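First up is the structure itself, then whatever we jot down about it.
Letters A, B, C and D mark the chains as written, and numbering starts fresh at 1 in each.
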Amino acid sequence: MSSATFEKGMVFFLSILTLLVSSLLLIILATVFAKGLPALHSGFLIEASEDFGRAGGIFYQLMGTLILMTGAILISLPVALGSVIYQTQYLKSKTGKEICRQSGQVLNATPTILFGLVGYLFFGVYLETGVSWVTGSLILAVMILPTLQVSIREAIEALSDQYKETGMALGLSPWSQIKSIIVPQCYYGIITGVFLGLARAAGETAAIMFAATTFSGIRLPESFSDPVPTLQTHMLVLTQEAANPETLAQAWGAGLVLLSLVFFLTVMAWILRGRLKMEAEL
Amino acid sequence: MKNESHGVMLVFAGLNLIFLCCAGGLFFFLIFESYPILKLHGFDFWLGQDWWVGETYGALPMLYGSTLVTALACLLVLPLALAVAIFISEFLTSTSRRFVKAVLELLAGVPGIVYGLLGVSFLSLWIKDIFGLLDGNTLATAGCLLAIMILPTVLTLSEDAMRAVPAEYREIALGLGLSKWQMATGVVLPQALPGIMGAVLLGIGRAMGETIAVMLVVGSLDRIPDPWFNIFSSAQTIPSKLGREAAESIGEGTHWSALMALGLMLFIMVLLINFLGNRCLKGRSIS
Amino acid sequence: MFRVLLILWVAIGVIPFPASADHSPKIQIVGSTTVLPIASRAAERFEKFEKIEKFKSSHRLRILVNAGGSGVGIHSVARGRSDIGMASREISPSERKRFEGSHLKVHTVGVDAVACVISSEVYDAGIRDLTRQEIRDIYLGKIRNWSEVGGPDRKIVVVDKERHRGTRHVFMNFIFGNPTAKTPGTILVTGSNNEEQTKIAQSDSAIGMLSYAWVNDEVRAIGIRDKKNIVKPTRETIRKGDYPIVRNLSFITAGEPNGEVKAFLEYLKSPEGQQVVEESGYIPFT
Amino acid sequence: MSPAIQIKNLTVTYGSMKVIDDFSCEVKENSVTAIIGPSGCGKSTLLRSLCRMNDRIAEFHLAGQVLMKGENIYHPDVDVYELRRRVGMIFQKPCVFPKSIFENVLFGVKHRIDKKDYEPLVERVLTEVNLWKEVKDRLKNLATTLSVGQQQRLAIARTLAVGPEILLLDEPTSSLDPESAAAIESLIESLKTHHTILLVTHLHEQAEKVSDNLIFCNIIK
């Protein structure tokens, strides 16, 4: 078999593999969609769940996930923005920058279950926030910090030096430089980071499993110390009853809603990242 | 005007400090909380074979389970990722390349619980039937599920490593009359090898840390499988153990300290792997 | 541009904010998945029941129920992390010693039996009862195939529960005389009753332990044979006390309950409450 | 009356590379001084050192003295931002922000003066750089729509709005077409009545035409 046909064969074989891998997503989507659809009756998104999740809707679970997500961004955005601005504008020492970069990588690589453990211990037990949506938001905030920082840092570094030099030449103080040059110009980078952070916080289960959620009895949290039902933990409980068809259908329905939420946020981040590139070339 | 900008700098410095404390605090708490058990048991905590709450705490089964599951995932992913990465970076047009990359990024974003659901409803039943096992929740199921989960990450990073190979190398190869295939395997692949190593290591780091999907399909049996290489027996990994038992012992007691020691072990392993991975990604050889 | 970012940040902040409106009272209940159905159903009924002012508490009371197992229930009520702990087993001596300071008080609301359960396929193949010794050998890994106890020729899938679970305590206490017995024969460990029920239903040669109320046509309960007489777990045998593996289902409080917690516990002991226990498949206590 | 700028044996090194070696000169007030020399002889570095733009660069090291109105600008308790407002700098490639012309002009001062002074200031500086007639009715649209020559004049207007005494021009016309370059040169002559101007260029006739005195800068070996 001459080497030419061998090569053609190999390339063909690889193309099949690539097709297989990229169709993997479609297979996952199709299964979740096909399995989840029967559960999506009219009230699925607005009714409460009944009979331990075997029937009814997932309204409060969805609200719980949204509350945790937004709480996380609320806490994480200022810290991420502030720390990246400090690292790029004020921090000069090489070792200082290296330490910050390494800590960013540490936080990004840490298994999320450890955030749950140490987060619950520190926030829940030491700071007395107990099992509540506040603890959940704080844990998720720490978890998505690196995601936000990467996007913000990308946007700031993509900013051409010319703008900064011009700002400096005009004698702008660092704060006014940040306020009128850095933040406005990196606006899309920040928003992209927010959406990526939301997507990651929405899909996270291990970190909030025992720190922020409850099985039944709660609708909307009515105080800072109330836990919240979430889509993820609802799915976790239902998945453990996979033998019971109605429960499994509910789990798939919740999975479909969670997956579409995560995909929606990711696609929004892409659209904004597109604007970011366009912005940088302006 | 002078003190105003100084005050502002302090605010930003403060925010940066909070960020550093998060990273540092995590490590500190893990060490601080696992100190009691390490003092009590010392080394045989890591080597102890049986984990019986209240009596003895042996971390070996979890350690072994984690390593075996990750090794299995890595074994399945490596050839597939390498082959597909070559095809994407060398043989695909740029538009379809961008489309495949987008698909991969979406795949990487799928939450772990959805993979868990897929694993429980399909994978474990298939593996049970194919291999005629007693129960579908085994190391093999967890390994396959993890392979699917880390495939997008490893694939994207390896493909980036291959794209990072300078265009001149390709021109020289083509100039010498090599075919595209010979160029890909002869020039691009060896050049991109450190990057690919980095990609695989980062993939391993993520596989090690996955909790939910593994917890649902690994069978959570705190024992090393009787013939040690038997991947078709239930076992336990560190994150799965933490996920199952953390609620019971939260906050105090030797049980909690033992769990935190497990967490510390996982933390150090993942950090080491990640550190090596990032060094490779930067193209510096590991030596 | 900066203002827009600020407005977005504040807008995001508004979503979780309604969460901190009024502080209506709530009861936190954590613990055994066996007792959980009673607590959840009673909670729903009690909130409606309590609305017709029978127990005269003004605010809309919310009762939060969480799973985790008897061990978690006892630990969290003793540590004050929840108002009521659910347990389907007695408080162990080590727990009593450890949580002396919290003066744990046990309120029993029902009785339940732990059945030795097997997959329906094995049940249909003729296994109707086992001796205590046989079950012990299965969990010790001495018996590995159903054919050794007169069943089909299939390896036994020995399913065990997490160590701190109440159902396991009671079952192992009966089989081994030691609630935290080690079981080398185990093939698979599950957590909640629902997970165990699922595993046994999915398998065709499994053996496990499950509260009597969770038995269904996929997961069948078998009798305990003692030489000649066989005791099958039914309502009568449990009520009369013939069935050996029984336990109280109890709600545990740290010290004397008061206010809403007292009202809820009284409701559980009231006829309506016992009706909920009956509906959940357990035997009322009174 | 001490000269506007006094440089005494200035030596500037980047890490190991010596860029300026023992350079001294004086610049009289309200005059145009041109520094001529081939590219790479440290002209731009000299200019940037006069308004301390190089402070942020890690291996930058400066010896010698730079005095403005007798005051050493590298003295520790000199407020760098105050200094940069007194010394305006124009870059080779005009840089305008992706904002309206109006906002661009006010960029350096908008948080330091109140609203009612915006209109008159914009008109004054734009007429000073004789750009007012061309843009007065389209102040609101994006500055990036202007031609390169207009952008450079807008940049100068923006710097003038801050009210500097000294103007440093780093080859202001090298990226412009001849016609707008001539406009900039005539602008420099009109500006020298109220400002001290230091021009860096490699075009000899531009230097002779515009400047009062010349400084030759040679390549250090």
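The criterion applied here is as follows: contacts are C-beta pairs under 8 Å (C-beta built on N, C-alpha and C of every residue); 3 or more make two chains touch, one makes a residue touch a chain.
Worth saying up front: this structure is predicted, and the values here are computed from it rather than measured.
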{"item": "Partner chains shared by chain B and chain C (touch criterion as defined above)", "value": "A"}
{"item": "Most distant chain from chain D by Cα centroid", "value": "C"}
{"item": "Inter-chain centre distance, chain B versus chain D - centres from mean C-alpha coordinates, in Å", "value": "54"}
{"item": "Between chain A and chain B, centroid-to-centroid distance (C-alpha), Å", "value": "18"}
{"item": "Euclidean distance of C-alpha centroids - chain C vs chain D, Å", "value": "80"}
{"item": "Intercentroid distance (Cα basis), chain C paired with chain A, Å", "value": "35"}
{"item": "Multi-chain contact sites of chain D, meaning residues that touch two or more partners", "value": "81-82"}
{"item": "Contacts with two or more other chains, residues of chain A listed in rising order", "value": "78, 173, 180, 210, 240, 242"}
{"item": "Overlap residues in chain C, where contacts from two or more other chains coincide", "value": "68, 81, 190-191, 202"}
{"item": "Chain B-touching residues of chain C, taken from the complex the two chains share", "value": "68-69, 71-72, 75-76, 79, 81, 94, 155, 157, 162-164, 180, 182, 184, 186-191, 199, 202-203, 205-206"}
{"item": "Chain A residues touching chain B - in the complex, by the definition given at the top", "value": "3-4, 7, 10-11, 13-15, 17-18, 21-22, 24-25, 28, 31-32, 35, 78-83, 85-87, 89-91, 99-100, 103-107, 109-118, 120-122, 124-125, 142, 145, 149, 173-175, 178, 199-200, 202-206, 209-210, 232, 235-236, 239-240, 242, 248, 251-252, 255, 258-259, 262-263, 266, 270"}
{"item": "Touching residues on chain B, where the partner in the complex is chain A", "value": "1, 4-5, 8-9, 11-16, 18-20, 22-27, 29-30, 33, 80, 83-84, 86-88, 91-92, 99-100, 102-107, 109-114, 116-118, 120-122, 148, 151, 155, 179-182, 202, 205, 208-212, 216, 239, 242-243, 246-247, 250-251, 259-260, 263, 266-267, 270-271, 274-275, 278"}
{"item": "Chain D contact footprint on chain A (complex, rising order)", "value": "92, 94, 162-163, 165-166, 168-173, 176, 180-181, 279, 282"}
{"item": "Complex contacts: residues of chain C adjacent to chain A", "value": "1-2, 4-5, 8-9, 12-13, 15-16, 18-24, 26, 29, 36-37, 40, 43, 62-68, 81, 190-192, 194-195, 197-198, 201-202, 218"}
